[in-house]
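Next up: some structures, all given as structure tokens.
The two complexes that follow have subunit A in common; it is paired with subunit B in the first and with subunit C in the second.
Coming up: the complex of A and B.
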């Protein structure tokens, strides 16, 4: 979905698959191996190094860094702020994204194509460009403030930059496509006759939606929530630029520990906490929907 | 059907209004930046009071920015080649029937770099690449970006491979082709549109990558996103609007390219069926 533009076309064909009998298991494995080795060495190995880094001090086991995080009110506050911002981003994205996904699934394919172009154009615009746009729009002399001043709603510029609101606006804007696309991918595969049948049996439009379409779209909603929440947890560029030091989130705290205080162990411990939250979410998702279903929602 | 139960088919007006507003929210920032980049004032203003190309001139006469653009381009091309070679090969392996259950596990492993939070990736790479002397090198940048681009390539190519009729491969094999000949002569040409799209996305993934680059790039290997981030940390300069607009124009160009590829994809589909 994130890649394809064939809005409105039907479900993807599945089942038929490539090399069947003659090529043995080992030759297929050999084709996966190079990617696997590269990722293991240059992606997963560094990530796994975070754990020993955070729990060993001179080759002795210690939990002091984790204790440090949870004993310092400032750090707890930052972690809670991060989680709060991520949950808010996810919730707002769901509220804004579901109607768009729903509309996409019921309009003619030409209209859907136009809507899709807007969504994908936004998604594929550089993250820094989008963050920069929001800095320009939200700053003291920015578009929002000029607008409010011109209308006489406020008498002097409102401080929006460097507040949680600015971070929230930026994160919602950047992650919105990740909510819309998986939900749409499920909605368009739902048989329209089901809700028509419900309505012909006397259900109102609202009831048919709440009892038929909405429950059937749960896998898409779950994928959207997973993608948005996990990505927002690790957001770095946008909170750093829109929130600054006043609205510090976990990624900014990690950055500060490593670059300002050169405290690798403490930074790693924070990274491990974020990773644990991520793994927890992925585990729950895998248990109920299966990780491989996520991939289907992306194409 | 539609005429008979048109009562059920009426779409609520508020849905259109809400969606219109959301779509405006999505596209507005992009639309605001372009006119601003042509402003002549020292400050950012919207709408601009005078027209000028000074920010574009600034960009094209500043060796630091030009070098960053050149770096971005070089690293993105290398990433594209590496990620597509490895990723397409992996997708062929994963979609093969012989993989059975194991394929799923590998699939998830190859998908993870697309999902895991970027800050964790960035600090862990910064730490370990530092020990390996890869910080501030092109090799380090290309390797890191390749890890992030492989999931895109695998996902895209695998999806297309599932749609290929396996009888075509079997027919080639039964006529005496080896596995690799059959893949090269039959399967790969059939998924060519997906391969082109994969190349495009691998390129864009690297070109746009910011978080890991901010950590592991140094002055000489700085890419555009890294330089933009560093300069925006200190001030919201109007000069960035010109670069941003250029990037938006590049995205638009990529979009047009994708339309062409998609058209080809449809043509290819018609040929098969």
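Coming up: the complex of A and C.
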């Protein structure tokens, strides 16, 4: 979806500026070729090798691995847990991220630069470092528990590590920039006069926001939600370290099947399920938000 | 007739910079007032203060004797047309125009809103475009939508901030007439901000020329053009000849002026208003199109000069005439009634109706 759009806009620009008439398809194809090759080698090829493993047993078609997934409550539970954790991560990120993006778009550029540096700093810090930091903070003898004990709110340390809450906290923190940045870039491009115009036409500040700024920022919200949700579905390091075996997610499950039990077929079947969830989400998303038409309208 | 809008001692400071300084003016119902000035003269800031988008540092704004100085913009009920239209790109034309009606309290019935939208769209000649999005319209059409949106809720006053700035010249003059037609038809009190003097002259009942945050002159278009009160105005509106002079004497109602040059030719000029101080940096001012030229005009001649340059401008021919060998005077003649053709180097006489000349400092 994203690729086809890029190719489309590239084609238009090309057509407008080139004096010679050349097939627009060839030049736009040439432009996406490097990334296409990369994807073919490192993405499509392994996937094509993996997928058949989930439906073939000794060269015979079988659905036994999929049946296995849906016959074991533990697997279904893990998949459902993954989905709700991702939905919760996305929702919390939206609630936390939108105000930050909005603030960034209205403050002076100097202040915005400072806030942006903080956001990018967390993005540049290694994922592993950030996840370990959360372990330090959340463990039984960690900062949170020391604080709660010192204040006398609890009498003994609370178990936070290895609960869904720990995974959620970690995922929200790590994915927050992916929500803020696309929303900010769209908010910044909205003409400030629009909300002033709305106010001069009788809208209160809140109404001007709800009727003008918010709907115009939908493309940014949509990209943010997409980026965060899809990334969180495949999140591995953070849920493994903060959730462990008690709060297992789909990626952890696949990892265990392949590297612990060496069951490539079952692991592949789980991978296919995860892929299907992603595709389903994209489809539903495109239908409800109609991002393409929204973006066209904004041009 | 009571004033509808009163600005009293309006001042706006940004830290140390004074954007608008002690500005006062009154606007009557149905009047079209243009605030004209170079960029940075404070005209947009003034308009924004009236709209409520900027808070004045001091001073007062009232509409129909109601103090609105610190009212938020949505409670002022004034219509505003923005420089780049500020149409809502995600709404259809009819929803853009209906926006202020939907914001009204108590709520208007949908049927009533539909009727008002249709009526105003017809007035701006855009019926049939209701269901389009702003991006599907041309610049001129978008401008009409912006106008319709600012007028649909019958505000007592409409504020326009360089509404035609983004249009090309042809379209701009067409839209000027359009704005004037609608303004007169609905008898809307209007404040119009522009830096285009031609636009100001075409549209306005009165023009306020701003300079450095202050009103330099506030008068009808004709008075401002014919009787500018300073050389800044004479220079800003139209073209003017400025000749540095000193007072050499007085004869009845006329001043005798001596051009500050070696020869020191004398010019007569009617005395108007207060006697200028002799120490002032005085200038004799006359517009080029008020100057007639000819060969041997006899007693009518007011100055003698030599043609230094002839510029053909299409509608007019402009002669640059050297006076006393040191100053350049320009005279314009309509190409239709050119009485004589002069070429560079010709010695000629200049004359004018002394009512059209002025002494300014």
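As a convention for this text, the second predicted complex is superposed on the first by the 240 of 299 C-alpha atoms of A that agree within 3 Å, B and C clash if a C-alpha of one lies under 4 Å from a C-alpha of the other, contacts with A are read in each partner's own complex, and residues count from 1 in each chain.
The working rule: a residue touches a chain if its C-beta (ideal position, glycine included) is under 8 Å from a C-beta of that chain, and two chains touch if they have at least 3 such contacts.
Please read all numbers here as calculations on a predicted model, not as lab measurements.
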**Asked** Which partner does A:207 reach: the first (subunit B), the second (subunit C), both, or neither?
**Response** second
**Item:** subunit B versus subunit C, judged by how many residues of subunit A each one touches
**Value:** B
**Asked** Which partner does A:189 reach: the first (subunit B), the second (subunit C), both, or neither?
**Response** neither
**Prompt:** A:199 contacts which: subunit B (first), subunit C (second), both, neither?
**Reply:** both
**Asked** What is the contact status of A:159 with respect to subunit B (first) and subunit C (second): first, second, both, or neither?
**Response** neither
**Message:** Quick check for you: in the superposed arrangement, does A:143 touch first (subunit B), second (subunit C), both or neither?
**Reply:** first
**Request:** With the two complexes superposed on chain A, say which partner A:111 touches: subunit B (first), subunit C (second), both, or neither.
**Result:** neither
**Message:** Just to be sure I read the superposition right, which of the two partners does A:267 touch: subunit B = first, subunit C = second, or both, or neither?
**Reply:** first
**Request:** Could you look at A:64 and tell me whether it touches subunit B, subunit C, both or neither (first, second, both, neither)?
**Result:** neither
**Doubly contacted residues of subunit A, that is, touched by subunit B and again by subunit C** = 196, 199-200, 205, 298-299
**Request:** Enumerate the contact residues on subunit A facing subunit C in the complex.
**Result:** 191, 193-194, 196-205, 207, 211-212, 215-216, 297-299
**Request:** Going by the contact rule at the top, pick out the subunit B residues touching subunit A in the complex.
**Result:** 1, 5, 8, 11-12, 15-16, 18-19, 22-23, 25-30, 32-33, 36, 43-46, 86-87, 89-90, 92-100, 102-104, 106-111, 113-129, 143-144, 146-147, 150, 152, 154-156, 158-159, 161-166, 169-170, 173, 179, 183, 187, 197, 201, 204, 207-208, 210-211, 214, 224-225, 228-229, 232-233, 236, 240-241, 244, 247-248, 251-252, 254-255, 258-259, 262
**Request:** Write out the stretch or stretches of subunit C touching subunit A in their complex.
**Result:** 51-53, 72-74, 76-80, 82-84, 86, 88-90, 99-100, 103-104, 133, 135, 149-150, 153, 159
**Complete:** Given the complex, residues on subunit A that touch subunit B span 3, 5-6, 12-25, 27-32, 34-36, 38-39, 42-43, 45-47, 49-50, 53, 96-97, 99-100, 102-103, 106, 115, 117-122, 124-137, 139, 141-143, 146, 173, 176-177, 195-196, 199-200, 205, 226-227, 230-231, 233-237, 240-241, 250-251, 254-255, 258, 264, 267-268, 271, 274-275, 278, 282, 291-292, 294-296, 298-299
